[in-house]
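First comes the structure, then the notes that go with it.
Labels for the chains are A, B, C, D, E and F, by order of writing; each one numbers its residues from 1.
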Amino acid sequence: MHLYPLKLVTVVGETVIMEEIAEEVIKLGATGFTLSDVVGHGSRSTRNVLISGEAKTRKLEVVVPSEVAVTILTYVSHNYFEHYACIAWLSDVAVVRGDQYVGKQ
Amino acid sequence: MHLYPLKLVTVVGETVIMEEIAEEVIKLGATGFTLSDVVGHGSRSTRNVLISGEAKTRKLEVVVPSEVAVTILTYVSHNYFEHYACIAWLSDVAVVRGDQYVGKQ
Amino acid sequence: MHLYPLKLVTVVGETVIMEEIAEEVIKLGATGFTLSDVVGHGSRSTRNVLISGEAKTRKLEVVVPSEVAVTILTYVSHNYFEHYACIAWLSDVAVVRGDQYVGKQ
Amino acid sequence: MLLPAALFATGLMPLFADGGQFARIVESLERNLLTPIPLCFLLGIISTRIHGGIKIPKELYYSIAIFLLMSIGFIGGHELSHEYQLHGVSTIWKPALVTLFLGCLTPITSFVVLRYVGGMSIADSAGIAAHYGSTSAVTYAVANSFVEQTQHPADSFLPTLVTLLECPGIAIALVLGAALSAKERAAKAADGLPGKPVKKSKLGEALYEVMTGQSIMLMAGLLVIGFVSTQFMDEKGFQPFYEFFQSKGMLFRGLLCIFLLEMGLVAGERLGDLVKVGPFLVAFGILMPLVHGFLGAWMGHLAGLNLGGCTVLAAIVASASYIAAPPAVRLTLPEANPTYSITAALAITFPFNIAFGIPIYFEMAKWVGAQ
Amino acid sequence: MLLPAALFATGLMPLFADGGQFARIVESLERNLLTPIPLCFLLGIISTRIHGGIKIPKELYYSIAIFLLMSIGFIGGHELSHEYQLHGVSTIWKPALVTLFLGCLTPITSFVVLRYVGGMSIADSAGIAAHYGSTSAVTYAVANSFVEQTQHPADSFLPTLVTLLECPGIAIALVLGAALSAKERAAKAADGLPGKPVKKSKLGEALYEVMTGQSIMLMAGLLVIGFVSTQFMDEKGFQPFYEFFQSKGMLFRGLLCIFLLEMGLVAGERLGDLVKVGPFLVAFGILMPLVHGFLGAWMGHLAGLNLGGCTVLAAIVASASYIAAPPAVRLTLPEANPTYSITAALAITFPFNIAFGIPIYFEMAKWVGAQ
Amino acid sequence: MLLPAALFATGLMPLFADGGQFARIVESLERNLLTPIPLCFLLGIISTRIHGGIKIPKELYYSIAIFLLMSIGFIGGHELSHEYQLHGVSTIWKPALVTLFLGCLTPITSFVVLRYVGGMSIADSAGIAAHYGSTSAVTYAVANSFVEQTQHPADSFLPTLVTLLECPGIAIALVLGAALSAKERAAKAADGLPGKPVKKSKLGEALYEVMTGQSIMLMAGLLVIGFVSTQFMDEKGFQPFYEFFQSKGMLFRGLLCIFLLEMGLVAGERLGDLVKVGPFLVAFGILMPLVHGFLGAWMGHLAGLNLGGCTVLAAIVASASYIAAPPAVRLTLPEANPTYSITAALAITFPFNIAFGIPIYFEMAKWVGAQ
């Protein structure tokens, strides 16, 4: 097993911003991402009020090298933390054939 | 990037108990939580038999300081492990502006 | 709190292979698993083309001892990495009453 | 095994009292079984057993459930309004009382049989009794279709009775279970064995949740809406709503087919658990409904219901809940193994009622003299 | 508090000009309120307030929304085709112009009142104005049902007007908000206070998204489809499509009930926020629609609409969007607190229109002379 | 590029044999294209191409698919029952044999053309052949609507033929692909190149899954249910089920519109892949259906089908599966690039059939003499 140490960035936030973030994440150097529908509660959840067939909150997971992880978190915190409901965190993962996910940049 | 070391508590269990746990988690000091619908299989999955439009199993994720994490896990294991299908674990995360999630207590 | 150090294996891949992997994971020694529907984008996402009522991509999470984790990752990478869209990673978790999940083998 | 036999006798005996009865039942069965609704249920079971690919999205299943409950309520309210205009409450109060009485009786008979004949634990007995004390709206819908097809439509206020029957049984069984568990625990504690206290709050919460649950809210709510709008709207304006919810209409019948297909898929999965639950529970799941069904038919007749009405009342009294009861039981009696109650309610009693029970209740109702 | 009072006067005064007016409104109200559609809305509110168990899967809600929009468009296109064959554009161009004018006016009146009477921030004022400048397709559907029930069906091309009214209001409010915010920011920056620049690209993107959003695409798309297929198909082939989408039909009316049940559930949750938004916004949510509604009824009459048409135009002008506007506002004016706009649109104006507004607009339309 | 030209000639030549043919095709096209079903498909494509906001929840799409399959089966069973009562199997066995024969032939013709004309890999050729060997139930539904609109309804047992055509093609293509891949691999291994063995078990599993898949189970299951309940129920009881599933009815036609809207959304997304798949596959996706369609119309006529029947048989033989085939191919031939097969089936053949193919097959059927 070749396991490659990388970072898993997780962002949970209002649906309205998550697609934008997902697209940006690719531009910032990720090779892919995984999105899922969740239900959330947080300090600003009253802001989270879209009524539609879509989930109101979404979770984005991205496996990236450490530097890209920092770029992503900086991007997210600069652009969305002030006015949108969202949270972001980082954790350590060991990825199978992880060199694939180091990607362009 | 200010990254703050916190714990991510994950609980996966029968839908019937997850809302209760989510509410309690706030009382125990979390500032928010994220719930998602999953499909599960485990040692007690035969207990997991609700028929309804809802997912039978749900996953709860909470980012909290280490002490709160322990309180939550103790609460869950005391109240639900005996009779309900559920699993709970802890992992290390580094959270953007993580001081926000230390919350009341 | 008895917390037991185990591994969390996460596999994200095309729906068509995920049920098979979930079943195999039990044979390889896991005591359970958790599946969820996600939306994914990756290097081979054009391969991911099923049209149906099901999500096209699924995420599998399994909590297992370290050796089982390696077996699972080896199985997945041997059998699916070449022709199917998927990614797999490993992380450290501390599990409540974790000895339960060491299972058969 | 004595009591089950006795129950069996009680339930079926009347039917064989005269000679042609059996042949008539077979004919009723045929007329019932070879129609799309039970056949779709069968298709679901077959698909699951052969690992076939039929999958109904849970949102569709859930949406149909909502439609069926709303429809039962709305048409019920509409019919009730006509009934009320013609007869006031004179025709309704007796059947309503009887229904409430049966709603209180059936959880107790179930509990007694499970605990003292079957020797099951208090929690399991109470848990299963909660299911059999309540009712299944889908069984109502199928029974109602059946009697309409036999040209013996039920009295117009039957949906009202379904609504009345939903709650009391669950409440009584849960309270019984909680009380007896507490007593047992107290006894054990006196013996030096530790036992966790029941959370009273949870029982109250669960009862509230049953009473304000989806089934009751939708059926009772639409009953009121159907009643009120029948009184205040002119016929033309009312027409499209009536057609939409109409229980003889294409939407109700057609969606019921899809619903039963899904129920067949679920029941098929549960069939494998029949071995786990053992022969006593299998017998219970067939005989208890026959007894309760007979009581329903007989007391319905005493209360003045017509042939269709007695049949439908029998069917709903005989039916077991698998929507409202499970979460309530799971929350209040967590020691109860849900495999028992769900398998009995869904994989034994429900198919039995759909396939055989309803025509049998029809013959029972005839036998007690209903017309 | 002066202006609200003035608004109130403007909106309601005409109605009390003569004596029997009030009695007629009450009667209209009764005829409107005691029908399944508003009652289902009420049931939803009650269920939420008592923590009842009714839950509509979001996919069902969303599917019904799709059906309603398609239906409005398709039947609109069908009727438009007949209208066009009979009169060309002669009957339509005036109402269309009036609708566009109102679509441009209402976001501005709303903004002015919110900013200068209510003293709300630029972002909040513009955000709310975007909601009130657009329209609610469901309010259209309910208003349309109402006028049909009163035997005064609206002119056939009303669905076209709904489509026209959807976009301009949102666009104007967003541009206004972005421009004024930029100016304010520039002023602040001159004062030495830092301020983030607005992303121009986002505004363009959001406007594009509004114009190609679900509501417009489905309504306008099906309008064209309905128009074209009416022209080219024979009646028999067209029939099943017509029946399916028919807004007087059972599907439209029945599904509207379920839709309003869900809207009641959501509005009920929002009711708790009424305290947060304060009395000004509550007053705004009731009085602004009355003013806009009056303008709609009056200008509709000037443009030649019939009684039903004036009522429906009033209702859609008075209504506030809660589907297309929220995401657009959230993206372009993130500082705007969505609790304000959604609560006003959904928990105040929508229920007010459904329950009281529509019958009032009906009387207004009569009063201005529409027939 | 020789063969495609030949194919083209084979497919289209007959149509231009006489002079007025072309004009008739154009007229048929117009009559087909300007109806809601293809127009909704077009709307879906447009919405995707301009990044419009229309989104159909996948549960709705899936629910409609279930309804359509059930409906095709049920009404098929119902009609078959009448046919059977009148003629026994005398009218049916020839068309059934012809359908089975075409089900075996089309995957082979497809494979041969793809492998030897197109020079595609064994896996890709077999994968695409599996799609073209099977059938698309929605193409059936649209073709059926078309012939009904032209007042030439198809023979009553066509749904039975759809069911027969679903499986064999997929099975043959997969077995062919697996066998040839194994041979090639053996050859390579002899040359010293390593190659992974095919898992035999997976092939069996995949074939079983195709045969017990959703489409077959629902169509065949409801066919039996429709057959049986027609025999045993009285007409009045059968009526609501018939109305619900009725393929000329509003539900079927209306839901088909929504379904095609979603298919347009998906096909629109795939249009971008046309460049990736190259001109050969685009030509294949248009010419192969014309050839298969001609065979279907001609052999259908030989087997005694009427004009509508020949047209519909041609359409289903010409159509390519995009529901049952993809997962089966993905599991057994993972080296096959699904972009090729899905793009060809969904973004080329399906729209071609819906828009142009069906009217062409209609003219072909007339030309071979069907009435």
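Convention: a contact is a pair of C-beta atoms (placed from the backbone, for glycine too) under 8 Å apart; a residue touches a chain by one contact, two chains touch by 3 or more.
This one's a predicted model, so the numbers in the text were calculated from it and none came from an experiment.
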Measuring between Cα centroids, what's the chain most distant from chain B? F
Top of the farthest list for chain E, CA-centroid basis, is C
With touch defined as above, tell me whether chain E and chain F contact each other through largely the same residue numbers, more than half shared, or through different ones. different
Taking the mean of the CA coordinates per chain, how far is chain B from chain C in Å? 20
Geometric centre distance via CA averages, chain E-chain D, whole Å: 43
Centroid of chain C to centroid of chain D, CA atoms only: how many Å? 41
Flagged in chain D as touching 2+ other chains are 55, 57, 59, 62-63, 251
If I count partner chains per residue in chain A, which residues reach a count of at least 2? 36-37, 53, 91-92
List the residues on chain C that touch chain A in their complex, please. 10, 12, 36-43, 45, 57, 59, 70, 73-74, 76-77, 81, 87-92
Flag every residue of chain A that touches chain C in the complex, lowest number first. 1, 3, 6, 8, 22, 26, 31-37, 63, 91-98, 100-101
Chain D residues within the chain F interface of the complex: 30-31, 34-36, 39-40, 43, 46-47, 50-57, 59-60, 148-149, 248-255, 257-258
So in the complex, which bits of chain D are touching chain E? 57, 59, 62-63, 66-67, 70, 74, 209, 212-218, 221-222, 224-226, 228-229, 231-234, 237, 240-241, 243-245, 251
So, in the complex, the side of chain C touching chain F is made of residues 14, 16-17, 46-55, 82-84
